[in-house]
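Labels for the chains are A, B, C and D, by order of writing; each one numbers its residues from 1.
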Amino acid sequence: MKRFGARVAHAGFVLWAVATLTFLLFRLMPGDPTLNFLSDSFSEEMRADLLQSFGLDKPLPEQYLIYLGSLLRGDLGVSFLQKRPVLDILLAALPNTAALTVTALVIAYAFGIVAGAFLAFARGTVTEGIAIPAALITRAAPEFWLGMLLLSWLSFAWGIFPSGGANVAGSEFTSEWARLTSVDFLWHLVLPALTLALYLQGLPLLLMRATMLEVLNDEFIVMARMKGLSRWAIVMRHAARNALLPVATAFALGLGSSFGGNVVIETVFSWPGLGRVLVSAVQGADYPLAQGAFIMIAAVLVLMNMVADLLYAWLDPRVSVGARR
Amino acid sequence: MPGASAVARRPVLPGFVRATLGFLRRQPFAVAGLAIYLLFIVTAIFADQIATHDPREILFRGAYRVARYLPPSTTHYLGTTAGGRDVFSQLVHGSRSALQVGVTAAFFVVVIGTLLGLLSGYLGGWVDRVIMRIADIILGLPFLPFVLVISALTRPGTTTLVASVALMLWPNTARVIRSQVLSLRERGWVEAARVTGCSTWRIIFVHIAPQVAPLAALYGSIAVGWAILTEASASFLGFGDPAAISWGLMLQDAFANQALSRGVWSWFVPPGLCIVALVLAGFLVSRGSEKLLFPKLGD
Amino acid sequence: MNRRSILLAASALAGFKGLAPAPSQAQGAAGDPIRPLVLITRPQAAAPAAYQAAELIAQEWRKLGLQVELRPLPNQQMSQVVWYDRQRWDFTMWQMVGRPERGDPDEMVYNLLHSANIATGYNFVGYNNPAYDRLAEAQRSELDQARRQQIVRQVQEVVNQDQPYAFLVHPVNLHAFNKQVFVEASAVKQAGLGIRNFWNWISLTPAGAQRDIIVNSTEPVKATNPFYVSGAPDSWVTDLIWDRLMRVGPDGLPQPWAAERVVQPDATTIDCVLRDGMAFHNGDPVTPEDVVFSFEAPGVGNESPMYRPFVQNIASVTATDAKTVRFKLKRPDAAFRIAVLAKLNIVQKKIWAPVLAEYQGRPENLESYVEARPIGSGPYRFVRSRVNEEVVLEANPNHWAKPKADRWIMRIMTNTEATLGAFRRGEINVLADYFGDPDLVKEMAAQNPRLIAVREEVDIGFQFVGMNLRRAPFSDAAFRRALSAAVNREMMAGAAWNGQAVPANSMVSPALKAWHDAGIVGRVPGGNLDGAKRLLQEAGYRVVGGRLHYPAGVRETTTPFQ
Amino acid sequence: MDALLDVRDLAVHYRTAAGPVRAVDGASFTVPAAGIVGLVGESGCGKSTLGRALMGVLPRAASIAAGSAVFEGRDLVTLAPAERRKLLWRRLAFVPQTAMNALDPVQRLSAQMQEVLVERGGLSRAAAGTRAAALFAMVGLEAGRLRDWPHQFSGGMRQRASIALALALNPALLIADEPVTALDVIVQRQILDVMRDLQARLGLAMILVTHDVAVVAYACDRVVVMYAGRVVESGPVRAVLEAPLHPYTMGLMNAFPDLERAGGELVPIEGAPPSLLNPPGGCRFAARCPFAEARCAQDPALVEHAPDHQVACWRAPEAPALRPLASEAATWAR
């Protein structure tokens, strides 16, 4: 419990630091948000009004305090371009990113764990000689390139999957949940999730294989053999359970980093998620939106880093349950 | 006397050669990785000689007619782009920017990461706390979004990209180096050095640093790949160095000009393969050296 | 004839201002070498055609003996420099995009190059020619169509002589739609816009079971607000939800819309007689009070910075009877119909008056008000909008111009490859926002002649190189004429814009037939690269050692752009 | 002699790139139906490999090259794996060295008990619970600690738990591999007491693999001394330790402190065991033996020199004369 509290406090500190860094980043860097509004009718007076309406005319420390206060209230400000609350825009995109990330990670880890465990037993075989470089290649290939190749084959050339978006145009749903669970949504999800999974599976695969090899050399595995236990019981109950510890942690970490790392995949597949909100906001110099998206992605990352730590502690009794004498 | 010393020194070379040959035989992965590196390094050095055209030049065929989408031929090994530039020459010159980005980023990752890891691990105390806190904060920043934001807010370019990649990746190296240093610090010979009055700096840089160098190199070779992939992703999203000739920018150019729909494989496949090969080389080398460093995993 | 020669004299005078010529110096001698010049452009990734054009232009200008360096800058930084650092840069690639209200030349003629806009307005090149200013002002208040056309043509000739911009091309919009989904003959083109226009959206007739218009957009819709548009897609949506008193017709001229008739008893009085039976989407009738409010609201405080300039010429707007709204103008305005009556949205006073009152006490302005469900009186009703995904509108069955389709859906697709794939697969059925390779669409249509119809239309907008007239040598009109002459516009259209553009030498597009000076492209002074060299020679510039030098006695005093 | 286990000429080889390493090279000894047999020797002499060979869990690179190990009438060497599995833990159990990870770190002890009792012993879950508690009581642990994780136990407790686990299915033979090595002396004695006590109560047979002569002296009934993959001497503990016949055994006695009696000068055996890759011909101890003679170049056979006391040394008959010399440090010094 004490450990839990300390970890949460640490995450809070990191979040504060990230928020401060973000603030400074967006305030101190060159670039003028009003540039978006340059038009044949744009005047100096309008520019001043605009800066004032976003509080950008105040001194920096004052802006910072206002910013922190708003952040604590969950207020991420108003988008320059859309004039809507940043939080609303982000929350609309969040479910799509979450669906993509979670689906891809689950596929990647389910496959990676099974294949990694299999490869641990296939040491020195031809299968291993092919599978390991193959896994490394998928990690070395740029995601967008993989995505474009898949898209050009499976969508453009063979027409199996839709070429982008999250739903068929104009489809109606009773609720967000109904949308996320609709066949239509899932069908659109296949290609981006597959691409992302293809990119992600290398890590759990190699990690599972390595930890599995390490665990298989452990004395308790030899003991299990001496006990005359079945091969299945040895692999599943003893080896896999121990080997999965770091993989489970990697899953949580992957969840955190994928949330922001999906930027590229979302762009390739026109997937309406957080990453694209960030990219278009940055490109359009919509600083409140870009800043909000960045903070939200960072918050998920920090949160998942924390979850990974706590998860490891929870799964591993050596950490969670203190030694008793 | 010279004869004697020659005799004494003689076994060194065959031993070294045998060790190297043994390494090559036992570590085909690492050898393949090194071979790929070598290939690209040679290409980068002799890019001007290898390339058949100026990679930036807009080529014409006839008055005011740009030579766009020429198919692969003996003059244009991989054809030309939509803008009338030679694909092969861009590919060759692209190796320069890839290596430049990869190697400089890796260099800074290794230098910063090792330095801070050494200080943090050896000095401990508040230095350690401050460095590790900063590392925690950086690990709380999303990688690609951060690079994009920095590129967008400053002038986009190779320098920005390399700087942000280095900034984002040093904590991993520093953490590993730190834990290595923590265990080295307790070893007898470090203790001995301390007792005999070696200065702290001397102990850190003369006694400990060489011990952690292979580990740092391992993280460096992975950083090469990360930097190149990041450059490609940033370029693809339009945040790359607009003046560079890079594989990422080539892919971006190809996609923007719909090379996929046109089926111009000779344009958009080679840069992707080059990225895969160079990043893969880093992974292979690191796997090889991993086996050297952690023989326990390798047997 | 007489008038023209006066104009030429005026322009020549304007051109040489800022330079310190020394005509008494010997003819053959040369001044300082011209410093390396920096051509600002957007990066290849952001604007591939413009970037390619910049490279081609630079290649040509180098043949004149100039040192030209390309400087790709992202959108923001480019605007920052060009807009706020007006003394610093040499020349820049720039564009004006086509919008329906730019169907009247006033905006392009007055705002772009009138000297009133030099300090902070759109005249960022710093063009200052009193003769031009007089013409630009004259066309504004000239209510006689024929006389106004005459003035607008004179304007174009002055610009042709002064070349403050090197005009490059007018893009040609390439759009396509699915013939199996829509009756081909029901598609309507609008001058300067193509089939991405209001008229097409209400006229496009479904041929079969698919009754939705599904159109792509490369940019997200940011705001659906009658007092604020943040980008082109926003305006396509507001166009359909809210009615206007007039609309720019397929021919590019304003025509009555919500107003049944528009009459102008005198130069500063305009009466709009409203159509009968109009209703907002919530069922309430559209009243003259709503219309009056719609034209008064933008002028209240600074609640609508975007629309306020358009109502500033209105002295008063009143409902004179149950059907009529009378506008009194402060001064005659030839563009009033297009720029104001066809631009401002008719909103419901019941909804917006309280909002307006509330926002007057807040730091934000009306632009940040988000209606849960925007209510207008237009032919389409708002259903929903998902950022970065799609906007869905449905046909308003009660509208007098009820659309033939059931729904109008705009899909946001940033990826050109994916967009084309979606069009091929029928996920979208109108390709209305396409900047990709035109050949691919044409090939697709050629392979599927019964499936795909392609429509092309010259755009109202144009691409150009803006030269900074505040800085030598651009302050010299002869130098600018030479640079412009050296640009081969056919090559620009073909090699940079993939043939999807026509050569330009005027800010008035050939799409605007009534205003465009048809022969202007052929009258670029000098005409070609050789002509350019001759012009430079005549003006005293000399090539020494492969490098272009100023005329004799002229020193290089300008700081190079960094 | 009705031995429970009869090991004859057992050889275990490791395959390496340089050729086979003969870790066990023709070892022979017997284990009676009851009592503790100490298997003693320096590390690397093959005693642990021998224990593992009997359990059938040799590393991948190792295999039994020759010999037999007849256990309850059946040869473990030739027994089919499925048949051998039936014997494992039910007739033949193992107590590991108490390194942390001999017990699965992420399973509670109760689960590890249950696993053996239910899956291998065929007990019901409830019966298994009762039995586990009884087993814990038997080795001196509270039943409540069954709910604990291995890392919550001290070294001695882990060793007790391992013994309880090994006794779960009433095996006939228990092989304990260095069971007390990692423990401090006090705890060593407690554990050895538990083992002796259980052996007596349950009447089972044990092989106690150790490098420590003192442990053998304290706990064992019989002793088998191994050197470089071979048995050099075996017999009843009293006979062997009080009157060792092999110089190696004599040296070993000097090298270890007595578990009960502190003090006495410790004399190490100089040198290291020979490489098992290419072992020298003749007596393998000859190179380190202070009493080596020319005939030691011939391989001495393991012969019964006294009743129930075997030795493989040419000079065994002179042993009474050599023993006083062997107790002096100077004899061993080089």
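Throughout what follows, a residue touches a chain if its C-beta (ideal position, glycine included) is under 8 Å from a C-beta of that chain, and two chains touch if they have at least 3 such contacts.
Just so you know, these numbers come straight off a predicted model, no measurement behind them.
Undergrad: Determine which of the two chain pairs, A-B or A-D, is joined by the larger number of C-beta pairs in contact.
TA: Pair with the higher count of C-beta contacts: A-B.
Undergrad: Measuring from the mean C-alpha position of chain C to the mean C-alpha position of chain D, what distance in angstrom results?
TA: 93
Undergrad: Distance from the CA centroid of chain A to that of chain B, rounded to the nearest Å?
TA: Each chain reduced to its C-alpha mean, chain A and chain B end up 24 Å apart.
Undergrad: Need the CA-centroid distance for the pair chain A / chain D, whole Å please.
TA: Computed from C-alpha means, the inter-chain centre distance equals 54 Å.
Undergrad: Chain A to chain C: how many Å between their CA centres?
TA: 40
Undergrad: Specify, in ascending order, the residues of chain B that touch 2 or more different other chains.
TA: Correct list: 152, 238, 255, 260-261.
Undergrad: Which positions in chain C touch two or more other chains at once?
TA: 76-77, 415, 417, 420-421
Undergrad: Among the residues of chain D, pick out those that touch two or more other chains and give their numbers.
TA: none
Undergrad: Which pairs of chains touch each other?
TA: Taking the chains two at a time, the touching pairs are A-B, A-C, A-D, B-C.
Undergrad: Okay, in this complex, where on chain C does chain B touch?
TA: Per the stated touch rule, the residues are 43-46, 48, 52, 55-56, 59, 70, 72-74, 76-77, 415-417, 420-421, 436-437, 440, 488, 490-491, 494-495, 498.
Undergrad: Write out the stretch or stretches of chain C touching chain A in their complex.
TA: 75-77, 79-80, 83-84, 107, 111-112, 117, 120-122, 212, 214, 219-220, 222-223, 225, 228, 230-231, 302, 305-306, 309-310, 363-365, 367-370, 386-390, 392, 407, 409, 411-415, 417-422, 424-425, 427-428
Undergrad: Any idea which chain B residues touch chain A in the complex?
TA: Contact set of chain B toward chain A: 29, 133, 136-137, 139-146, 148-150, 152-154, 225, 229, 232-233, 236-239, 248, 251, 255, 260-261, 268, 272, 275-277, 279-280, 283-284, 287, 296-297.
Undergrad: Applying the document's contact rule, which stretches of chain A touch chain D when the two form their complex?
TA: 218-220, 222-230, 233, 237-238, 241-242, 245, 315-318, 321-325
Undergrad: Which residues of chain B touch chain C in the complex?
TA: So the residues of chain B in touch with chain C come to 56, 58, 64-66, 68, 82-84, 152, 155-156, 235, 238, 240, 242-243, 249, 252-253, 255-258, 260-262.
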